[in-house]
Every structure is written in structure tokens, then in C-alpha cells.
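Below is one structure, written out as C-alpha cells; the observations come after it.
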Amino acid sequence: MTEILHVRDVTVRFGGVYAVQNVDLRINNGELIGFIGPNGAGKTTLMRVITGIVQPQSGRVFLQGVDITDKATHLRIRAGLALAQQIVQPLRALTLLDNVAIACGSDKTRHALKSMWVTDIRSERAQARELLARVGLSHVVDELPGTMPLGYLKRLEVARALALNPRLLLLDEPLAGLSQKEAASLADLIATLNADGQTILLIEHNLREVMRICPTLYVQDNGKSLAFGKTDQVMSDPNVRNAYLGVGHA
Amino acid sequence: MSYEITLMTTMAISVLFALSLNFITGFCGQISLGHAAFLGAGAYTSAMLSKADVPFLFTIPVAAICAAMLGAIIGLASLRVRHDFLAITTMGVGFLFVGIIRQQDFFGGEIGIAGIPSSGFGKGGFMLICIALALTFAAFSLYVRRSWMGFVFKSIADNEDVTRVLGIDVSRYKLIAFIIGTGTAGVAGALYAHHFRFVGPDSFGFVESISVLAMVIVGGIGSVWGVIFAAALLSVLPMLVQFIDDYKLLFYSGLLFAMMRFSPDGIAGLCTRLFSYIPRRVPDNGGNNR
Amino acid sequence: MLYLELFIQGLVQGSIYALIALGLTLVYGLLRILHVAHAALFTLGGYIGVIVTNATGSFTLAMLVAMLVVGLAGMLMYKLAYEPLLSQPPYVSLIASIALFIASEEIFRIAFGPYGLSYQTAPLQGHIELFSGFYLKYAEILVMGLSTILMIALAWLSMQTRTGVAWRATVTDPDMARAFGVKIQNVRYLNFFIGSSFAAAAGVLVALLNNLVEPTMGSVASYKALAIIVLGGLGSIRGTLIASLLLGVLESFGTIYIGHLLDRDAIAFAFLILVLMIRPQGLMGGKL
């Protein structure tokens, strides 16, 4: 198994407060890891360290063995990361199809000057159509995002991230705000993607769905790694139970 | 005839200038409140070269390069800053430009540069050059909007952060938009200098920057046709309607405010709404309009 | 001695900037609008100050009337111009604000003539000698004194009263404040009232310093105040105050030493661009 992501001994402080402290995390090819922890555990901060929105005070981040700690966000994406954000951010002026098509065209958008000479978008749109079908949105490809319900937009986020053809897909609370039925069906989709070989790191509050689909769990509390391992083992770990029960049943 | 030629020339230069801002503000979503500085940079470059006996046509590319270089420097400095800052920084550039020009005898100081030689093509020929350049850039704009670059611009204008997460080098694209837009403003400046045969610091101040922004916004931010229409109309309106001269600015600003209040997407937006309104009425006619 | 004089001049100018820029910061902090038309309210304040003083002979009355009327005008401006645009992208309110500002400059010109108005007998024109050869005008003392008093009053209001607490809460987190029963709408009105009346005070004071109000007196204020709030880190009150005083002093010295390179008004922007190159978030970005 090849290693996709390695977060090595990362620490982030905001002012005097540790948001993330000496955290280590490894993800291998083909894994689906559920990343859980109570509110304020530093989940989002670690995600931002991986995507490059937050710079760690110490520690390194490796993607497929390459140190990306000092790279700008768009270069990390080019190197094989993709992110579906917690708060859905569709491009509101573009149709759902074009929202995905622009991500499909990453070869054409790599060099800004060259992109001026290319007008053909048919193959990207065809690819985008397939991806939207895969997440179950083939019936609304020509709609604008403004008219779509949240559940659809969450799926759009996933499709757009997939369009980048990532080695590692980061999903930041994709199930948040969805009804139980919608959440279950999106979770099924995530499991299917993983079964097709996609490596995924899933940050999620919805424990029930995470435990259902993720073979491996990573738990963080108060900015520190708390547990990492097989889902049932982690969930029976007294430390993990404490962390959750300490802040009340989720 | 001479009056019509002057009118047409003024229109063509305004259209080119407005389209150059539209490239930055309309396509790429970067508000600039100091665009007249780049018109000025081109105008001064061309004026001074012409006074040194450089042929008019040769001054155009030099003016474009000077303005674009200034644009690149400003772009590199201001594209780092937060969204809201850009409007203020570009506004600052406008004031800085006028402030520097005003104090340097080299640039003619307060008085400016008068007696710029004529283009050498006659009034009619010069008008044709202006129209040709404006149309060329309009065609280029329409092409770019269809290209992948235009696609990315649209995405950046929509949401910069998302575009970055799609692996796109947003700063690079913004810089290119800035360089093309400011370079083209420099071309418009060269034409301006040879049209009026005079350049002075007051011609490139805040009011000019706002006027051109008004053209872009009244036309419909990002819409090439809308901007052409608005620039042509607004540039000659004061000449055609003499009585509003004293109330020109009041009229302009009133129009601009009304536009923002009632149709923020400009004339183009108005048209779109109008046309999308009509077809929807068609079925009511019982399908009689074959 | 020259240094001290330049420094004091800078502080006087800086106090004026602070009074103007404060309103802009308040509006930006709450609504994320770059309120260019704020400068029109400043000019309005100047006109009311001169007109009321000339009519009644009381400068104090003029100051109070100006602050009250302009404060209300600011609330009206919010209601009619900004509130309907809040859901639009930010450039819409910015352009609307610029349009409003230019229109009001024109209205001042058409209503009161292009050459402006002066006090019939300008108050507080005497001066005292602090020590040999160093004079300070009463008007200049008033500028610094009144600005300080107004700032302290504002600080007291925001720290010690219920209204102030609600106001600060709204600026920090509007949704949370709403959840605690703060009426956001009232906070916005209050914001515009306070910001506008401070600008009016600045207008009256500038009219006093120059013994002149003219239609275009707001144009410098409009863009320079914007530069100041950006320098201060957009939305930071403390940053705005520091940036105002700093810029006042800097301009005062700059006019003497680099005036042959840049005119006074360009100095502010040269400084702004320089600062942004080093600190893209402004002098005090992020704090309130």
C-alpha cells in the first residue's frame, strides 16, 4: 500500500491557544478514513493545514511523498488534493454542468496564457455530465445553483471535487444539514466512490453514518490525536468515549 | 461633416477605454477606481514621443507597453490584498498618478502638454483608426469570453476562493486581465492624446475613472455589447444635449445611482429581463404568432 | 521648533481625519459597505455650521444643529440608498455610494454657488502663545479638544451602556446578536447616526479652520478617509484612530520634505500602497 498523505508532527497556534498540537496522520491508497472529534477538536484547522489555508507553526505535510507544506493552495490541488467544503460554495453564475466542467478542464486552465487559445469545452462537458450522473444529479445539469436544494449542492461539491481527479478527496462535513434520508444516501455514495478506489478523508459529525461506512477512524480532541484504528476498536476505546461523553451525547 | 467625425472619434475612443476596463472589472470581477491613470500613462507616453517626432502609429504600441507595465506593477502589488482593498488601492493609484504628474516639469506640470502633432492621417483617417482599434478589441473581448480564459475569469468574478480550490492560479489570471486591460487603456490614451492634441493632469483624475466605470456598469458589467452601447451613448450625450452641460455630473450620477438601485446589471440586464419576459408571454396568445 | 509646529499641525489634521474616518469604519464594520457618500454628510455638516452660525450668531448651537441634522440625514441615507442594496454584490453599493456623493457635490454647487460660503464673523480666530514664538489658534485647540471628547464619549457609550454592548455584539456577530434579541435594524440606524454626526462635527471644524465651506470640500475627505480605514485594517476602530493621526503627522512633514515630488493628497496613497505591500491586512487588521 502506498502512502498518499502524511501529516507529520503538525502544530498550529492561534495567539496562545493550540488549535492542533503535534498531530500525526497517515493515509494510504484506497482508504476511507472517518475523521471525528467533538466541537473545537481542531478538525477544520487540520483540514486547512492540509489544503494550505492555514500555515502550521511546526511540522510538515507530505502528499505522495512530496513535501507540500510551503506550497500555495492551487498547487496542492494540482498535486492531487481535492476538497468538498463544509459550506457549499457553488459558482452561482454557472450551471451545474459548467461548475463541474471547469474543474474537468484543469489541463486547459493550468497555463493562464495558453488558456486563451482554447475554446473547445465539449469533452469537459461530457465528462461533467458523467460525474453529475454518478452523484445522482443528471436531471438538473442545466440548472443554476441558486435554485437547487442543499442536498443537491452538497452532491455538486462532491462531483466538482471528483472532477479534479484527485489522489485524495477531502470531504468536510458533507452530511451536515441534510435530512437523515439524504445523509444516508450521500454516505452510500461516498462508500461507493471508495469501493471504486478513491482514497477519502471524511470529516463528519454524523457518527452514525461515519461508523456505518468508514472502516478506519481517526479521532482528535482538544487539538491532539486521540485514537486511530479500526472503527469498532476506536469506538470502544475509553478515551474516545470520554471525549464524547464529556461534552454530552452527540 | 467635421462635427460628426469628431463625435465618432470621441465615441470610438470611449468605447475602447470602457472595454479595457470591462476586461478587468466585467470579465474578471476586479473593481478598479483608478483606471484613468492608465489612460493617462498611455496619453502622456504618446504625447511626449510625438513631440519628439516619433510617428503616431509607432507611439501606440509604446503607450500600450508603458501602461501595461504600470498595470503589472500595480497588479502585483494590489492583487495580494483583500477584496475590498483593491478598489481603494486602485483609487489610490489614480491619485498618485495625478499627484506625480502635477509636480514634475518633465511632464509639463499643472499646465500639461499642448501642441501635440496631428496623427498625420487627417481627421477622417484618424477616426477610422480609432474605430478599427475599438472594433478589434471588442472582437477580441468577445473571443476571450468564449475561451477557457474567459471561463476562468467568470469563475474568479463569481468566487475567487472556490476557483483557487479548483487548482487554478487565480493571481496569475487576475494579473493577465490587469495587464491586458491596462495596456488597452494605454492604447486608448495614445488616441486620446492625438484626438485632443493636449494632455493635462486633470484629464485623468478621479472623475474620469468614475465616468468610465459608469459606462461599464450602466452598460451591464461584463456585457461587451452593453458596454459598447453605454460608452458610445454616455461619451457623446453631453455634446448632443447642450442644455445639460451645467448639470452633466448631476445627471450622470443620478443615472448611475438609479441604475444601481433598480437594475444593478445595467442595460444588458434590463434587455435580458425584457427578452426573457416576452417569450414567456407567447403561450398566452394561444399560439397565434406563427 | 519647526518640528513641533509640524507635529501639532499634523495632530490637528489627524483629529479631523479621525472624526471622518470613524463613521466609515463603523459602517464598514457593520455592513461591509465602502461608504463614499459619507463625505457628502461631512460637507453638509460644514454648510449647516456656517449657515446656522451666520443666522444665530451662536457657534455652539450651529455645531449641535449640524450634528443632529446630519445624523438624521445619515439614517435617511441608509434607509433609502443602502438598505435596498444589501443583498447585491458589494460593488453595487460602492458605485451607488459614489454616485450619491457626486450628486450631492453638484447639489451643493447648484444650491449655494461654486465659490462656497464663509462665516460673517468667524469665531475662535484668536490664538495663544504657548511659549515664545509658538502660537496655537483657539480653533486648533477646539479641534483637538472636541475630537478627544467625542471619542471618549463614544468609548464610554460602547463600553458602559446596554446600547453600546448590543452594538458591539452586532458588529462582532450579527446572527448571535439577533439570537439574543438585539434589533439589528436599530443598531444600524444608531451606527449611521453616530458616524454621520461625527462627520458633521468634522465638517463644522474644517469650515472653522479654513473659514470656508465649498461644494468640493468633501472630495479630499472622501477618498482619504477610505485610505485611512484601509490603512487601519478595515473595520478596526483603534486602527482607524492610529492611522488618522499617523497620516495627519506624516502629511504635515511630507508636504515640507517631499512636497516637490508628490502633492499633499498623493502622500496618503503612496503611504497606503507602501503599507499594503508590507502588511496586506493593514496596520491593525483583524482587531476591533
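Going by the order they are written in, the chains are A, B and C; count residues from 1 in each one.
Here is the rule we go by: a residue touches a chain if its C-beta (ideal position, glycine included) is under 8 Å from a C-beta of that chain, and two chains touch if they have at least 3 such contacts.
Everything numeric here is computed off the predicted structure, so don't read it as measured data.
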{"item": "Chains most often in contact, by C-beta pairs", "value": "B-C"}
{"item": "Centroid-based (C-alpha) most distant chain relative to chain B", "value": "A"}
{"item": "Separation of mean Cα positions, chain C and chain B [Å, integer]", "value": "31"}
{"item": "Whole-Å separation of chain centres (CA-atom averages), chain A against chain B", "value": "41"}
{"item": "Distance from chain C to chain A - Cα centre to Cα centre, in angstrom", "value": "46"}
{"item": "For chain A, residues that touch 2 or more chains besides their own", "value": "none"}
{"item": "Shared-contact residues (touching 2 or more other chains) in chain C", "value": "none"}
{"item": "Of all residues in chain B, those that touch chain C in their complex", "value": "31, 33, 77-78, 80-85, 87-89, 91-93, 95-96, 98-100, 102-103, 206-207, 210, 213-214, 217, 221, 247, 249-250, 252-254, 256-257, 260-261, 264"}
{"item": "Footprint of chain B on chain A - complex, ascending", "value": "51, 72-74, 77-78, 83, 85, 89-94, 98, 102-103, 105-106, 108-109, 112-113, 115-119, 121, 160, 164"}
{"item": "List of chain C residues in touch with chain B within their complex", "value": "28, 32, 34, 81, 84-85, 88-96, 98-103, 105-107, 110, 219, 223, 226-227, 230, 234, 259-263, 265-270, 272-273, 276-277, 280-282"}
{"item": "Complex contact set, residues of chain B against chain A", "value": "143-144, 146-149, 151-152, 154-155, 157-159, 161-170, 172-173, 176"}
